[in-house]
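Pasting the structures here.
Heads up, the next two complexes both have chain A, just with different partners, chain B and then chain C.
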Partner chain A sequence: MGFSWPWQYSFQPFFTLQPNMETRQKQLAAWCSLVLDYCRHHRLYTLDLQEAQESVLFNNRQIQRKLPSEVVIIVLEELRKKGNVEWQDKGKNRCLVLWRRPEEWGNLLYQWVNKVGLTNTVCTLYELINGEDTVKEEFHGLEEWLMLRALQCLQDEGKAEVFGVGEGQGVKFF
Partner chain B sequence: MRRRGVGAGAIAKKKLEEMSKQLETFRGHLEQFASKHKQDIRKSPQFRMQFQNMCAAIGVDPLASGKGFWSEMLGVGDFYYELGVQIVEVCLALRHRNGGLMMLDELHKRVLKSRGKLAQDVSQDDLIRAIKKLKVLGNGFSMIQMGGSYLVQSVPAELNMDHTTVLQLAEENGYTSAAEVKAALKWEPERIDHILTYLLREGLAWLDIQATDGPQYWFPALCSQDAALELNETSP
Partner chain C sequence: MDRFSWSNGLLEIDETLVIQQRGVRLYDGNDKSGFDSGNLILTTHRLIWRDHKNMVNSPKIVLHLKKALPEQIPGPLGMSQCEYFLKALYDEEYPSRHSGFGTTNKLLLCAQLWQRHLKAVGIVGIERKLEEKRKETDKHISEAFEDLSKLMEKAKEMVDLSKSIASKIREKQGDITDDEVTTFNNSSFLTDSDENHVYCRVNRARGMELLSPEDLLNACKQFEPLNLPVRLRMFDSGVFVVQLHSHNEEEMISSATEQVENADSVTAEEFSKVVGLSVLLAKERLLLAEKAGRLCRDDSVEGLRFFPNRFVEQN
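Moving on to the complex of A and B:
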């Protein structure tokens, strides 16, 4: 299924930072949802700013408009404040895009655990991510670092415990 | 002299009586007509407009009050009241997008959509009448003539002649620029700058500085919303 772009994407001034504060807020809010929707649709977890500059996300060749890099940073900073973006370096060249935050993944996971009755059972991370039982779940195929962070959140809430199993890692749900 | 004066007065009085009698008869016929064609008036926008014109000719305004013979008979008061509410809803829902300005065509399309297929038909004339009634609620609603159509304003921003002239200029493309305004209207740069800045500040215009021939001022209200078609992601 194709990604459906919001109307703003084909509106030329969307790619110029608006001088009017009220309009700018609407503009940034629209950019924030666009970035998250786009990454969710393509299941992207990281953005390299230089690459992103040239990607269709920030560069609409049909109308020949491109979001300037300083504005891209403003948008990502907005998302960072909401907990959806984490910078990976001080120079702000790469970032994680958490279109679902770790605690949200954790909740999703825990709901599933309760549904299928896996409490008080030990699972490996590999099973959770790649196992046949999770194929229909949204967290199937999730990147391992993110799965670990989601489990970490559950551990902090006392709902799980993460430990090493051989070379991989395992988890016990409560 | 005295006799003549009385005579003239009597004649005038008699004439007046006759005329008011005639008018009464006419009103009576109009009422009969209205009750007979109630269904048509409700259903057909064209019929409704002609009926409104007929009423206006003899100084009857079926919309003037919610009560009274006309509105009870026809339910027209309710009709425009309901339409007014729908107009307000559509305008509010799109205000974040267009800053409170919308072409009448666009409003018409959206009102029809929100009313659903089974509701009675509504014409642009009906919308204009309903909007005029909304003015009673304060200066929130007004209409700006744009070529053959209207621009409906649902925010109380004060727009003077200069502003509306610039909007009219932008109607064709959805945007304008200082250079275009200068070429078309021969205004002084300060005046142009003042007007364009005001439209930005009121949230009616968006700025685009990436055009090759200088900054452009875009009006979402004037850009066809259909242009924002869902692009296939492989196409850009």
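Moving on to the complex of A and C:
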């Protein structure tokens, strides 16, 4: 299924940072949800700023408008404040896009665990990510670092315990 | 036929005869012309037709022609019925020393000569023209310098004159007074004008007794304390504007927004044409409407355009 762009995407002023503060807030909010929707749709977890600049996300060739790089950073900073973006370097060239925050992934995971009755059982990380049982779940195929962080959140809440190192990592749900 | 020019019919020094044919009548396109029964001479440079009498129905040659050059010397026919070709009819009865125009070989040879000749004319012609142009420029320049020295003499007189006028005015009146403000107010008829316009209009109305920009600005600042129906206002960009007190800002913003909505999007130039204001003022209005959150902007390589603020409207 193709990605459905919001109406703003074909509205030229969307690509110019608006000087009016109220307008700018609305504009940035629209950009934030567009970035998250786009990454969710394409299941992207990282953005390379230089690449993103040229990608359709920030560059609408149909109306020949491109979001300037400084505005891209403003948008991503806005997302960082909400906990959806984490910079991977000081120069702000790469970032993680957490279109679902780790604790949200954790909740999703825990709901599933309860549904299928896996509490008090030990699972390997591999099973959770690639196992046949999780094929229909949204967290199937999730990147390992993100899965670990989701489990970490559950551990902090006392709902799980992560153990082991490297490929043999496992988790016990309570 | 308009390609022909009058000539004495003599050959030039480096010009040689290629073929000639007697008893030739010229046709302008398909129409007979008055130039019949002449001698048609093809030279290395041109085609010459010389007057000579007697003519019957006979074979023809057709010449396909390019457009006449603008600098051509006037000829027998100013306008030609037929733009593209010329017919010449000749009588075979006349014996020809060079065996006539029927000989293709000679014609081809001549065509080559013509082409070479034309090229030479081209370059020589251009050089000659450049030379003429240079001479003319020289002449203009020396004339201009003469004018300039005369002008400087005149200017000296003008400066003296203006000095004397200025001192007279100073004697006649002191600083600007409230009275002056009122006079100025009466003489102007403003709805919404930027300070430059006001300055020009006021001074035009006053004729000789001109105001300085500072005086005018100070006068405008007295509008409010004097409770006059006009006000001076400063836009964010620093532009001063004199406008009627009744000129409602909200109204201005609404009408600007409406007009932008009708046009889909506008630049300051386009908007100035629609509302009949200067570009400067038109832009101020758009910025005002933007500041009020009614418009938004698209700043691209194509320039600054204003759009209805759909960001706010659609939420």
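The criterion applied here is as follows: the second predicted complex is superposed on the first by the 171 of 174 C-alpha atoms of A that agree within 3 Å, B and C clash if a C-alpha of one lies under 4 Å from a C-alpha of the other, contacts with A are read in each partner's own complex, and residues count from 1 in each chain.
FYI, a residue touches a chain if its C-beta (ideal position, glycine included) is under 8 Å from a C-beta of that chain, and two chains touch if they have at least 3 such contacts.
Please read these numbers as outputs of a predicted model, since none were measured by experiment.
With the two complexes overlaid on their shared chain, look at chain A and say whether chain B and chain C clash or fit.
When both complexes are placed onto chain A, chain B and chain C end up clashing with one another.
May I ask you to decide whether A:G164 touches chain B, chain C, both, or neither, giving the answer as first, second, both or neither?
In the superposed model, A:G164 contacts neither chain B nor chain C.
Under the stated touch criterion, which partner chain does A:F15 make contact with: chain B (first), chain C (second), both, or neither?
A:F15 sits against chain B and chain C alike.
So, does A:T23 touch the first partner chain B, the second partner chain C, both, or neither?
A:T23: touches chain B and chain C.
Given the superposition on chain A, which partner contacts more residues in chain A: chain B or chain C?
After superposing on chain A, more of chain A is contacted by B.
Examine A:G91 and indicate which partner it touches, taking first as chain B and second as chain C; both and neither are also allowed.
neither
For A:V56, decide between first (touching chain B), second (touching chain C), both and neither.
first
In the overlay, answer first, second, both or neither for which of chain B and chain C A:G117 touches.
A:G117 contacts neither chain B nor chain C.
When you line up both complexes on chain A, which piece of chain B, out of 23-31, 77-85 or 95-103, runs into chain C?
95-103
Would you please give the residues of chain A that touch chain B in one complex and also touch chain C in the other complex?
In chain A, positions 7-8, 11-13, 15-16, 18-20, 22-23, 26-27, 64-65 sit in both the chain B and chain C interfaces.
Per the contact definition, I'd like the list of chain A residues that touch chain B in the complex.
Answer in residue numbers: 2-16, 18-20, 22-23, 26-27, 56, 60-62, 64-66.
Taking the touch rule as given, give the residues of chain B at its contact with chain A in the complex, in rising order.
It is residues 96-97, 99, 175, 200-201, 203, 206-211, 216, 218, 220, 223, 225, 227-236 of chain B that touch chain A.
Could you pull out which chain A residues touch chain C in their complex?
Checking each residue of chain A against chain C gives 7-8, 11-13, 15-16, 18-20, 22-23, 26-27, 30, 64-65.
Which residues of chain C touch chain A once you look at their complex with the stated criterion?
Going through chain C, the ones touching chain A are 265, 290-291, 293, 296-300, 305, 307, 309-312, 314-315.
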